[in-house]
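Quick one: structure below, then a few questions.
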Amino acid sequence: TMLPDRALHAAEPVTIFAAASTQQAVDAVIGACPEKAGVTCRGVYAASSTLARQIKNGAPADIFISANLIWMDYLTESGAIVPNSRQVIAHNQLVAIAPRARAPKIDSVATLLDWLAADRVALGDPAHVPAGIYAAEALTSMQAWDRLQGRVLALPNVRAALAVVARGEAFAGIVYATDAQVSDDVIVVYKILDSYHAPIVYPMGQVAGPHTPGTEDVVALFKGLVGQHAFRDAGFQVSK
Amino acid sequence: MSPLEIEALLLSVQVALTAIGVSLPLAIFVAWLLARKTFPGKSVLDGIVHLPLILPPVVVGYVLLVTLGRNGTIGRWLFETFDITLAFTWKGAAVAAAVMAFPLMVRAIRLSLEAVDVGLEDAARTLGASPVRVFATVTLPLASPGVLSGAVLGFARALGEFGATITFVSNIPGETRTLPIALYTLTQIPGGEDGAFRLVLISIGVAFAALLVSEIMARRLKVRLGT
Amino acid sequence: MSDVQSSALTDAPPVLDVDIRVQRGDAFTLHAKFTTDGGLTALFGRSGAGKTSIIDCLAGLIKPDHGHIRINGESLFDSSHGIHKAPEKRRVGYVFQDARLFPHLRVRANLIYGMRLLAESQRRHTLDEVADMLGIEKLLDRHPAALSGGETQRVAIGRALLASPNLLLMDEPLASLDNDRKAEIMPFIERLRDQSGVPIVFVSHALEEVVRLADDMVVLADGQTIAVGDVEDIMSRLDLRPHTGRFEAGAVIHVWVAGHDPLHMLTELGFGAGSIWVPKLEFDRGTPLRLRIRARDVSLALQRPTQSATLNTFEGNIVDIEHVAPDVSPHVDVLVNIGAPVIARITRRALEQLGLKSGMKVFVSVKTSAIDRHSLGLGRRRAG
Amino acid sequence: MSDVQSSALTDAPPVLDVDIRVQRGDAFTLHAKFTTDGGLTALFGRSGAGKTSIIDCLAGLIKPDHGHIRINGESLFDSSHGIHKAPEKRRVGYVFQDARLFPHLRVRANLIYGMRLLAESQRRHTLDEVADMLGIEKLLDRHPAALSGGETQRVAIGRALLASPNLLLMDEPLASLDNDRKAEIMPFIERLRDQSGVPIVFVSHALEEVVRLADDMVVLADGQTIAVGDVEDIMSRLDLRPHTGRFEAGAVIHVWVAGHDPLHMLTELGFGAGSIWVPKLEFDRGTPLRLRIRARDVSLALQRPTQSATLNTFEGNIVDIEHVAPDVSPHVDVLVNIGAPVIARITRRALEQLGLKSGMKVFVSVKTSAIDRHSLGLGRRRAG
Amino acid sequence: MSPLEIEALLLSVQVALTAIGVSLPLAIFVAWLLARKTFPGKSVLDGIVHLPLILPPVVVGYVLLVTLGRNGTIGRWLFETFDITLAFTWKGAAVAAAVMAFPLMVRAIRLSLEAVDVGLEDAARTLGASPVRVFATVTLPLASPGVLSGAVLGFARALGEFGATITFVSNIPGETRTLPIALYTLTQIPGGEDGAFRLVLISIGVAFAALLVSEIMARRLKVRLGT
C-alpha cells in the first residue's frame, strides 16, 4: 500500500514491527542502530497477526519480523512486503517444561508421552498460536495428539502457557526454548527434535512503499553479525 | 449456524448469565455499602471494586489464575472443601466474567441507590420496618431501574469478556470457548475473517436480544414504579 | 399538661415528656420543652418556627443534640444515657407534611405497609374502615402519581393510622383538604384521641382545628417554646395574642350537655351559671365539652335585648377591658364574667358610647349560629 | 365573567376563554368551560375535583383532548386548529401545589430563574421587593432542602411572580402558610390583581381567601364545571350551597368608602340605602369595595336594639326565608333587603318565637368586629 | 519511577482524559436520546452503543483499524479534510479508549437522566426556559452525579484499555504505549515481571487517585445539589 506521506517524516526512527517473542533480541539490535547504522530505531511488539494486519492497513513500519511464515506470506501476497527482502533470521526449538518443583526425568519420547498424558498440558493455542501449532504437529508425528488433545490447555500465547506451568496449574507444557529461559520456576525436561515438525523460523522482511531513510542499513544489521549475536543471546538458533 | 457456533453461543450465554446471577447480590450489597455507609477503608473498597476495570484483563486473568487456580490459596481451599475447580472450567469463565463486570454493576446500582429519597426510607422506618426490610421493600424497588441497568451492562460485559477469561480458563472447546474467544481465535489466522464476521453477527444478535428484553423489563418496571 | 416541675409532683410520669435542643444549619436552634398527659397536643407557630423539626425528633428521624424524649417514662431519646431508639422501634405513626407515599406501591399497598408488620392482635383499624372514612376506596388500585394533592394527603393519613401507632404525629394533615373533607376527618381524629388513648402531636396553622382537636398546645416562635398549656389557658392569655392570632381571639369554656330540644334541633350546654343553646349535638346528657366562643361573635348591651333572634343572652360583670392594639385596631376586648369568662370584642366608639367600665353589669349575647362544630371539642378525660 | 354566549355580544374577546375536555386515567374526565374578563378567578371544588388538572392545561403541561384555551383571543391551545403552544412560550407563572423548587439551586437562584430569562424592560418586580414581601430575605443562600414547608411555598410564589407572567396560576399557594403570613401575602396578590392587569387563576379550599381575592369563581365537582360567575352571584346562589359550603354562607354586597373616623379607627362604607362601619381601611373616599357579610354574623330583632355595642343596625324587610337543611340543621337563612341583600342565619326556635314572615320589617345588626380584612375585596375595575 | 514508566503513565492519563473529554458530550446526548425520546431505530442505537462491550476488544480494534486507519474510508477522509491521523497515534488510542468506554458512560448518564423528576422540568418550562435551557440548567445538573459516575467509570475503563488499543494503534513507544501496553510488553521479555509488577502498582495508584478525586467531586456535588 502506498503511503504518500512517509517521506515527510525524515527525522523519524526506523520502525521495526516484531513478534513479541523476539523482543529481547530485537531490542539488542535496536540498541546498536545509532552506532552501527547511523540511524535511530524503535521496536513495536505485538502478536505477529496483529502486526501483520496493521502493516496491511498502513502502519508506519519499515521492517517486519514475524514469528512464523504464515503472516509473512500473508503480507507478501498482499504486496506489503518487498518480496526479495525476506530472509529467515532465526530459528527456535520446542521444549517440554515442568514446574521446577515437580520435574520428572525424561529420556525418551515414550517417557515424554506418558508424562504428558498424566496431567494437563499447557500449549499455545494450536488454533492460531505458532508454538501451539508446532507442538500439535510434533505430537501428531509422535502419534500422541489424539490421545493428548483432551488434556491440552490451549492458551492465547506462549507466555501464558509458560505462566500456567510456572504456577503449577499444569505440570507439563510445550513452549519455545527461548520462552523456557524466561522463567526460573520452570525447567526444561526434554528438547523436542526439529524432525517432528516443520522448522520454526523467524522471517524478516522490508515493508513495501516509501520508507524511512536508513532502513536498508538496519535490515543489513539484522542480517549481519549484530543480529546473529543478539538472537543467539536470546536463546534462538541462528542459521547461515 | 454451525454446531461449533451454536456451542460457543450457548456457552457464552450460560457463562454470562451465571456470572451476573451469582455476582448481582454481592454487587447490590457493595453498592449499598458505598452509597449509604461510611466506614474506614471505604475508599479502598471502592478502589478494589474498580481494579478489574483499570488493569488489563490479562493481568486480572493472571491474578485469578494465581489465586483461584488449583495451586492458588483460594483455589486449593475451594477444591479441597467443596470439590470445586474453577481454573480451565466454564465456572471459571463465569468467575472471570463476573469479576470484569462487577465494577460496572456496582456503579450503576450505587448511582440508583444514591438517588433514592431518604425521606421515603424514613417514612418506612416510622411505619415499623427494620433497616433490612426498608432496603428490601423501599430502597431496592426504587433503585430497581439501576439494578436492571447494571445487570444489563454487566451481562453485555460478561458476554464480551475475553482477556481475563482466556488467561484464566484457556480456550477449551465446549468448556471455555465462548463467543469472544472463538472470535479471537479466528482473527489470529489469515483468512479467518469470514468466520469471524459470522461470529460478530451472532454476538450482535445476542446483545440485541438481551437489550430488547431489558428494555421491556425496564418499561414494565416504570409502569410498576408508577412514573 | 404541666411544666416539668409540676409533673414531678405527681406519681405517674407524664405521657409525653420532651426537652430537647437541636441545631439545624447555622441559623436555627430549636429548644422544645413540654410535657403532656396524653390526648392531642397541638404544635402551633409560624412557618419556620420549628414544628416539623420537633416532630422529626419525636419520630427519631432527627437526633437531638441534648435532652430527652420520654413516653410514659420510657426514654426514646436521652442524651445523658446515650439512648436513641431507632424510628422503627418507636411505633409512631407519622403523617408527613409532604405525604411521602411510596411511589412504587399502589395506594392499597401503601396503606397496609405498616399494618402488615403488626400481629393481627395489635391492629386497631381495618383497611376498609379507614379507606371508607377517608373516602379513598376508589383509589386503592392507583399509583400515588395519579392522585390529586388532597387524595395524596388522605392516603398518607390512612397509612399512619393503619400502623396502629402508640404515638401519632401529624404535620399539617388537613392543610390541603377542603372544608367538607376536613369536617369528615376531624371527628375521626377526635375519636382516636378520646377512645384509643394514643397520644397525638398535631401541627396546624388553623386555630379552629387546634381549638377543636387539641387538649394541650405548645406555642413556638423561632425555635423557642413560648408557651405550653391547656388550649383554654393559652387562648385566654392576652400576652400570647401576637402568637395565637389577633382576629381569632376568644375564650374557651368548659360546658356539659344539659339537655336537647329535638324539635328545634338544639342542644343546651350548661356551664357555671347558666346554659347556652347550640345546634344539636349527638352527645349524651352530661358529656363534658369544650366550647370556644370567639370574641367577635359576642355582643354587649346595657339592657337585656328583647324580641331578638338571639337565644343566648347572659347577664355578667365586666372584669377587664383591654385595648387590642391601640395603634392599628378600633377594637377593645372586654372580659366579662358570666359564671365563666367570655371575651367580647367591640369598637372603642361603642365602649365610649355605652360608657363601659370594669365591674359594670352588662348583657352578653352569643348567636347560636356563630357556634359551629369547629368550635366544639370533646372535653378531655381528666376534665370529665 | 360571563357565559360564552354572552361574551360573544361584546366586541373584545374574553381575557381568558377556556373550554376543554381531558381524560385522566380511566376514571376521571374533566370538562372545564368558563371565560373571565381578567382579574382573579378562583377554582373551587373538593379534593380530586380537577382543579390542578385545569391549571396544568392552562400552563401547557397537560394537553387537553378537545377544546380551546385563549388569552385575549390568542389561542394557547385549540384542538380544531392543532394549536398547542409550548409551556415556555405561554409566559404563565405557575405556583405548584407541591412547590417544585429546583433542589440544586439556592433560594436566590430559584427565585431569579425565570426573571433572568426576561429583558430588563419586561421585569415587573425586583428580587429584593419580592423577597421582602414574602419574608424570605434570610433564606436566599439556603438550599431548598433546608427550608420548612411554608418557607418552600413562599419561595415558590416568589419564583413565579419574578417571572413577570402574563397569566398567573396559583395552586393552593397559601394552604401551608400561617394566618399572619397569609395576611401579609394576600394584599400583594390583591395589588397584582388590581394593578398589574395580569389575569390570575387561583385554586383554594378556603372560602375567605376566595371571597377576598377572587372576582370570578368556577365551581367544580367531579371534573364538571358546576357554576361560573361573579363571586357575589355564586355565593348568594342557594343551590350552590352544597358546593360552596354551608357554614360559611353569606352575602357579598358592593360598597364604597364613604368616610373615615380616624379617632375611633373606623371607616364608613356606603351602600344602597345606608352605611356600615368597619375597622379603618386605607382606601380613599369613593373607592369601591366588596364586603362579605357572613350569615352567622348577622342578628335580627323586631325592635331597634338600644344601648348595644353594635354600631351597625339597619331596618329592612324580609325577602325570603330558607331552611338551611331541615333534617340536620336548626337554622334558617333569612334574606333581608336593607337596600342591599343580606342573609341572617337564625335558629328555627327564634324564627318561631319572633313569628318572622316574608315581608315583615326587621332590624338587622352586624358587628363591626365580625368584619375583618378577610371579608373585604377591592371592587373590580368594571364594578368601580 | 523510571522515565519509561513516567512516559507510559503520562501518556495513559493523557489518552484517558482526552477520550473521556471528547466523548462525554456525545455520551450525554445519546443518553438523553435514549432516556427521553422515542424514535424509530431507538433500539438499534441502543444496540450499537453497547457493541463495544459485547465484542472482544480485539475485534473492535480491528474494526477501528479498517475504518479509521489511513486506508479506511473515514480515516482517509479525516486525513484529507482535517489532516488528522488517528491510526498509530495517541489520538487513535484515545479514540479506541473512548469507544470502549462509551457504553459505560451512556448507561450511567441515562440512568441519572431517567431519574430526574419531570415535574421540575415542567416547572422550568413554565418559567420560560426552552427545552435546551431546561436541559442545561435543570436536567443536566440534577443528573450530574450520573455524569460524574459515568465519567469515572469511563476513565477507569479507558485507563485499562488494552485489546482495542494495541490492535488499532499498535505498541509504539512514546506514542501509543500506554500503561497496559507497556505492561504487556514487559511480560514478553525475560525478567520483565518486576517491571510489570511496578506498572500494575502504578496503574492501581492512578486509579485510586482518580477515584479519590471523583469522590471529592461527588461530595461537592451533593452539597451543591443540597442533599
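In this document, chain identifiers A, B, C, D and E correspond to the written order of the chains, with residue numbering beginning at 1 in each.
Convention: a residue touches a chain if its C-beta (ideal position, glycine included) is under 8 Å from a C-beta of that chain, and two chains touch if they have at least 3 such contacts.
Remember, it's a predicted structure, so these values are computed and weren't measured experimentally.
Enquirer: Going by the touch criterion stated earlier, list every chain that contacts chain B and also contacts chain D.
Expert: C, E
Enquirer: Can you check whether chain C and chain D touch via the same residue numbers (shared by over half) or via different ones?
Expert: same
Enquirer: So what's the Cα centroid distance for chain B and chain E, whole Å?
Expert: 20
Enquirer: So what's the Cα centroid distance for chain A and chain C, whole Å?
Expert: Spacing between the chain centres: roughly 90 Å.
Enquirer: On a C-alpha centroid basis, what's the spacing between chain C and chain D, in Å?
Expert: Centre-to-centre distance between chain C and chain D: 27 Å.
Enquirer: Can you work out the whole-Å distance between the CA centroids of chain D and chain E?
Expert: Their C-alpha centroids are separated by 57 Å.
Enquirer: Which chain D residues sit where two or more other chains touch them?
Expert: Touching at least two other chains: 98, 146.
Enquirer: Can you list every residue of chain B that touches 2 or more other chains, as numbers and ranges?
Expert: In chain B, 58, 184, 187 touch at least two other chains.
Enquirer: Which chain A residues sit where two or more other chains touch them?
Expert: none
Enquirer: Which two-chain combinations touch?
Expert: A-B, A-E, B-C, B-E, C-D, D-E
Enquirer: Name, in rising order, each residue of chain B that touches chain C in their complex.
Expert: The touching residues are 117, 119-120, 122-131, 133-134, 137-138, 141-142, 224-227.
Enquirer: How about chain E: which of its residues touch chain B in the complex?
Expert: 43, 46-47, 50-59, 62, 103-104, 107-108, 110-112, 114-115, 145-146, 149, 152-153, 156-157, 159-160, 162-163, 180, 183-184, 187, 200, 203-204, 206-208, 211-212, 215
Enquirer: Quick check: in the complex, which residue numbers of chain D touch chain C?
Expert: 24-25, 27, 45-48, 51-52, 97-98, 138, 142, 146-151, 154, 171-172, 175-181, 205, 207, 245, 247-248, 261, 264-266, 277, 279-280, 295-297, 299-303, 305-311, 328-331, 344-354, 356, 365, 367-370, 372, 374
Enquirer: Over in the complex, which chain A residues touch chain B? Could you list them?
Expert: Chain A reaches chain B through residues 47, 49, 52, 70-71, 73-74, 120, 125, 127-129, 153-156, 160, 163-164, 167-169.
Enquirer: Going by the contact rule at the top, pick out the chain E residues touching chain A in the complex.
Expert: 58, 62, 65-66, 69-72, 87-88, 166-167, 170-173, 184-185, 187-191
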